[in-house]
Amino acid sequence: MCPRNSLPSATECKLLTAKLSAANLTLIRGERCLFEGLDFALDNGGLLLLEGRNGCGKTSLMRAIAGMLSLETGEIHWNGVPVLQQRQTFHGELVWLAHRTGLKWDLTMVENLKFERSLRRQSDRDPEEVYAKLGIERLKRLPLRSLSAGQQRRVALARMLLADVPLWLMDEPFTNLDREGRKLVMELVEDHLGADGMCVMAAHQDVEIDAPVTKIRMQ
Amino acid sequence: MTDAHKEQPSIFSGLAATARRDLLLAWKRPGDVLNPLFFFAMVCTLFPLAVGPSAEQLEFSGPGVLWVAALLATLLSLNSLFGSDFEDGSLDQLLVSPQPLPVLALGKTAAHWLTSGLPLVLVSPILAITYRMPMSVVGVMMLTLTLGTITLSLLGSIGAALTVGLHRGTALLSLLILPLAMPVLLLGANTVSLAAGNDVYTTGIWALGAYAIASLSLAPYATAAALRISNE
Amino acid sequence: MDAMSMGNYGVYVWSCFGLTLVMVLFSYWRARLRHKRVYRDIEVRIKALEERE
Amino acid sequence: MWKFFHQLASPPHFYRLAAVLSPWLAAPGIALIAYGVYAGLFLAPMDYQQGDAFRIIYVHVPSAYLSMMAYMIMAVSGGIGLIWRIKLSHAVAAAAAPLGAAFTFLALATGSIWGRPMWGTWWEWGDPRLTSELILLFLYFGYMALRAAIDDTAKADKASAVLALVGVVNVVIVHYSVEWWSSLHQGQTLMKKGGPAMDPAMLYPLLAMILGFTLLFGSLLLRRVRTEVLFRERRTRWVREMILSPEGS
């Protein structure tokens, strides 16, 4: 219950040298303890996979990683510094593909992405190429409400690709996507990891990928 | 991957982007702007119907009625300040953006004022004339309403941030905001009354201005803190 | 008797003091009641858990 | 020193300490109030303007004072809880709100009863103190409503702390703006409240009442915080052990 004042142990030191690391995370929501004493470490090129049923705390853990939840115990570190002490810097290094896309239904795809561009550093990718790769190049001027759920997902993916960040947080990225779309997501993640990026992914199904994977199985 | 030389967009870009997006959304959904205005006009109509059309009484109660109606109309529009962002997940995206949250909250509040406070100020002369308010007083009333609605939007953003995502948030929001808004109403309406009675009214204007500046500098931080708490 | 009537203000003075007494007793009673309820609820839950084990 | 505070803030320790301390605050409080009531009602001389009706201040002023103090306690402990993440101080804030509202209500009721013979009306809008006190009561209502609306205790603590802090700034603004407002409307003669010119025979009972009320408030607050702590710690081992231990509490 109370913060530990002792020096970090050897394992903890190892955790601290990783790019993204967490030690002894405990989260209690209302009456339920979602996880207790959770550790993980993630380095460039690695994938952290959160597995488990729906409602087992995957989303909560992801929100905690994004610095949006206050934990009962433990801290999450980015470059060895607690996330909550450098929230703004850390948020400049990540994109969060959440369950709800966070896109405005009344705005067009381009208007939505333009908003994102004024908030976050953009990558050197050519937007047109990204749209073409995701197969949404024809939908640019349509308001989002006229797009299907799968197409909206793809717009959210475009937002992720266009941002210049090393860390991708993906909460159930395969929802509403067809077989082809799922394959596309896996390719994108593989490319991102191949370019020294990192990814935290919550999924309730198996993910096969050619990269170092750390799995956290949640009850 | 990360290019160290490339910098994040400036906070002004963040401020402008949030304000611009909300203005664009209001443009595409004019109902959200117009409904509080209609409400304002209707409340102003209720009073003559209830207390009678005598010129003397209308002249006397005009400033108070207009101010109460403006306060209620602002309250009505506050619920949507963060509500729709919460529902579609874009509030979460704002919370993980590399921009300082108080700045983004200020941008949203600015857009809220431009789409709720400013139209009220612009419409108020028409209603004031029906209350037989002289033109010189109408000017004072518009000035107090301008300063007052800025403060109301800022105070309201704190309440809206505290109640975002709660069931039955609307009633609760009124309960939280009304006591906070009472000084604004008191200063605003009485300043207009003073002006109508040919008294010195500058004290009220200065007080309203000071209140607006104080809330402009403090409220965004409270709103940002409240947003983080509500979204835990 | 004179002291009780308080120069005809007796009703007001005594009702104020009476109201204060009622309020303080009420606050005390509420605090006590709430403590009892909270304690009993926890007791019931913990005992039930204990028996199950 | 720091260790002492840390130990004090530890829930089981506080829980035991509060039970011991609460009667020790209440006893002198009740004694002071008994003296204050007796001296205020029977020994203090009559006010030459208000007659015996002035004796209402012996309950009105302490409750008005406590209504403000309870709000300050609520806001400050809420702020401490926000900044230093001390759970006990959130419990203090939660416990202070209903008590503060009760004393605010008492101040309003006694003020209004006082106003009946003095102003000839139960409610005088022109009196700035009554109006400010009424707004304070609404602030309490808002605070308690927000707490009640949020299910998660930790979240309710933080959200209501923000509201209380905003409210503190507002209380000051309310005070000055209402004062200005009532000066515009030539408010009725204000209720006299102490001051250096007061007869010691009037003043001492008042001071005794204020101190006595404060002690009594402290005792009630400790009781409520104790309950609050017990409820918040209901899943911990020490509560479990305490309840299962033969003597109980």
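Should a chain be cited, it is by its letter among A, B, C and D, assigned in written order, with residues numbered from 1 in that chain.
Note that in this section a residue touches a chain if its C-beta (ideal position, glycine included) is under 8 Å from a C-beta of that chain, and two chains touch if they have at least 3 such contacts.
Just so we're clear, the structure is a prediction, and the values are computed from it rather than from any experiment.
Remark: among chain pairs A-D and B-D, B-D carries the greater number of C-beta contacts. Closest to the protein's overall CA centre, chain by chain, comes B.
In whole angstrom, the spacing between the mean C-alpha positions of subunit A and subunit D is 47. Taking each chain's centre as the mean of its C-alpha atoms, subunit B lies 32 Å from subunit D.
One inter-chain figure worth recording: subunit A and subunit C are separated by 53 Å, centre to centre, where each centre is the mean of the chain's CA atoms.
Distance between subunit A and subunit B, defined via averaged C-alpha coordinates, is recorded as 36 Å.
Across the assembly, subunit A contributes 70 as residues in contact with two or more other chains.
Chain contacts: subunit C has no residue touching two or more partner chains. Residues of subunit B found to touch two or more other chains are 232.
Chains that are in contact with each other form these pairs: A-B, A-D, B-D, C-D. For subunit B in complex with subunit A, the residues that touch the partner chain are 1-3, 6-9, 13-14, 16-18, 20-21, 24-25, 28-29, 87-93, 95-100, 228, 231-232.
Considering their complex, residues 1, 29-31, 70 of subunit A touch subunit D.
Subunit D contributes residues 151-152, 154, 235-236 to its touches with subunit A in the complex. Looking at the complex, you find that subunit D touches subunit C at residues 37, 41-42, 46, 51-53, 55-56, 58-60, 63, 98-99, 102-103, 105-106, 109-110, 113-114, 116-117, 216, 220, 223-224, 226-227, 230-231, 234, 239-240, 243-244. Of all the residues in subunit A, the ones that touch subunit B in their complex are 66-70, 88-89, 91-94, 96, 98-107, 111, 115-121, 143, 164-166, 195-197.
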